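Note that the chains are named A, B and C in the order they appear, and that numbering of residues resets to 1 at the start of each chain.
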């Protein structure tokens, strides 16, 4: 893989120089405009930010983005499912708690929520907060605040989707389960959720992709994920197009991977004769 | 847990300035976003393969990258480039323009999808009926399909506007002073950061809750009319 | 077996059931008919507590449905219900559909549950469809499986809510045949249906409902030959001229 990358990068550099592939770039410091060629070898040069070369610097950023996304997703899925189910239960108390949760977390901007988790809550919590601010290393402070924020934010969205999914199955399924003597808890676990989740795979996938994009917001509290690193690489190497092109490409590739996995999951869990599943 | 809200009343003028910026970004983002989005949707649905491909690529790219990165990209690259071409040698304070442009182009991709789905939701029968009466495609689109599609889309368009209103806080990353940034700055200066953050959160909460409540009402009214 | 006494139900201002009363004895087959909106489905769903009601009382085998102390899931497991839209569980195979409640509610061993399921599938004529999933079966087949699923719980009575209304005409008979056999074997049945042929064949009594009230409650022959009320007469004349 390595040698192939080297060869193709080298070939492209030579070709681009030979074709006078040039564009006007303005330097964001006080220097005057430069004429530069697309220089993809910049990815192999060492990054001033770390011991790695620039490409690896970005890839590690991608890794941090993905890590935050995954942990937040676990939190979001569990809490979101619980709240979504709560909103479909009979009675008025539980559904309204669910509704309040959703309204609260959907009507405050993500950035504000993040700042609340990172600044306000550690300040306000008596013992745990002080420990958090003093003993936990900054990167993990950012990570924990990010996970809590993104987890609960995304949970509100998942709750709405789960609620819609269960609703689409209709009262008929619930009635059929209850009529057999199953308790409500059993009806949800054995009948409703297995089908609802299958129906929801596409919407949940797009929610996960949103979550990946939202991890970029964590850069405002210093979490060094991909978007931030793209910008930082652009600044340090002056290779702005290459840096952002790489960042965009990496996000796009991640998108495609997630969607392919989701399609695989859909096929794996499909029911014969149902929703176009296996026969 | 002692909260000191005393800084807030005095800071209201400053915060209001920030809110104006937020509202301007939201408004421009929505208007340009809807216009551009409609264009993109029509391109995507047009018989021309070039236009369709262009629209699809545009939407796919903008929908797969974070808004934060789009803001960085415009701030560090495109705007300085364009300004460098148009006003060489000058350094202008461009953050506001950057924000307006970035949001408009970004939101356009989301609006394009909403509008496209809305147009497609009007059944083919309507198109057939219009054509059978002798109208050309353009007329059918304008007189028959778009009016129906719009009625279905309006709640979604408004919801997206509320999302834009919340996303405007991300101009933080390009150091532009919107409502939230102002609140943060005041909090930092005076020393009551927590209180200001919570205050800002409360303001957004109230505005967005009221707004989404109104959209729900509108949606209910529109759905009844459609039957 | 089933006692319905002065049951009234309101949806907000609208009264769906008006002081409905009737009795179903063990082994009786009672058919409920009437125009749409007459409350027949609502009434039958009250019997196993799927719908609530504000006034009156329903007793199933002596147990009150609305009593707080009643173990409602247990009661429901003793009364079988068949729905208009079959409501099989789409993510489970036919066999699993029938064994699920047997194991989870009655606590039967998987082995016994499967034996029972196979026996019932044979009875309804679908033994070979075992491994299939609901979406792969026709409507008539699905409804027969639904009947088997309810019978697997060894119920003391069976409730049918318009079991053939959602079926294509050519499939109605296969389901009615199963129901006729069930009736002839002595099962207590309360059936909401438009199928008057079925009523004529196996019903003991026919109840006619209109606008939430029980208008007629007669033995079969009396109902068909000499109904008391004008409304029932009109209904019969419209429905029987087909």
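Quick note on the criterion: contacts are C-beta pairs under 8 Å (C-beta built on N, C-alpha and C of every residue); 3 or more make two chains touch, one makes a residue touch a chain.
Since the model is a prediction, treat every value here as computed from it, not as a measurement.
Taken pairwise by the contact criterion, the protein chains link up end to end in a single open path, with no chain closing the loop.
Of all chain pairs, the one linked by the most C-beta contacts is A-B. When each chain is reduced to the mean of its CA atoms, the one lying nearest the mean of all protein CA atoms is A.
Our note on geometry: chain A versus chain B, Cα centroid distance of 20 Å, whole angstroms.
Mean C-alpha position of chain A lies 49 Å from that of chain C.
Chain geometry summary: the mean Cα position of chain B and that of chain C are 54 Å apart. Residues of chain A in contact with two or more other chains: none.
Of all residues in chain C, none touches two or more other chains.
Those residues of chain B that touch chain A in the complex are listed here as 1, 60-61, 64-69, 72-73, 76-77, 80-81, 83-85, 88-89, 91, 166-170, 172-173, 180, 184, 193-194, 197-198, 200-201, 204-205, 208-209, 212. Residues 24-26, 28, 30, 32-33, 103-104, 106-113, 115-116, 119-120, 123-124, 209, 213-217, 219-220, 226-227, 230-231, 234-235, 240-241, 244, 247-248, 251-252, 255 of chain A are the ones touching chain B in the complex. Across the complex, chain C is touched by residues 172-173, 175-183, 186, 190-191, 194-195, 198, 271-274, 277, 279 of chain A. On the side of chain C, the complex with chain A involves touching residues 45, 48, 50, 73-81, 83, 85, 87-91, 100-101, 104-106, 132-136, 149-150, 153.
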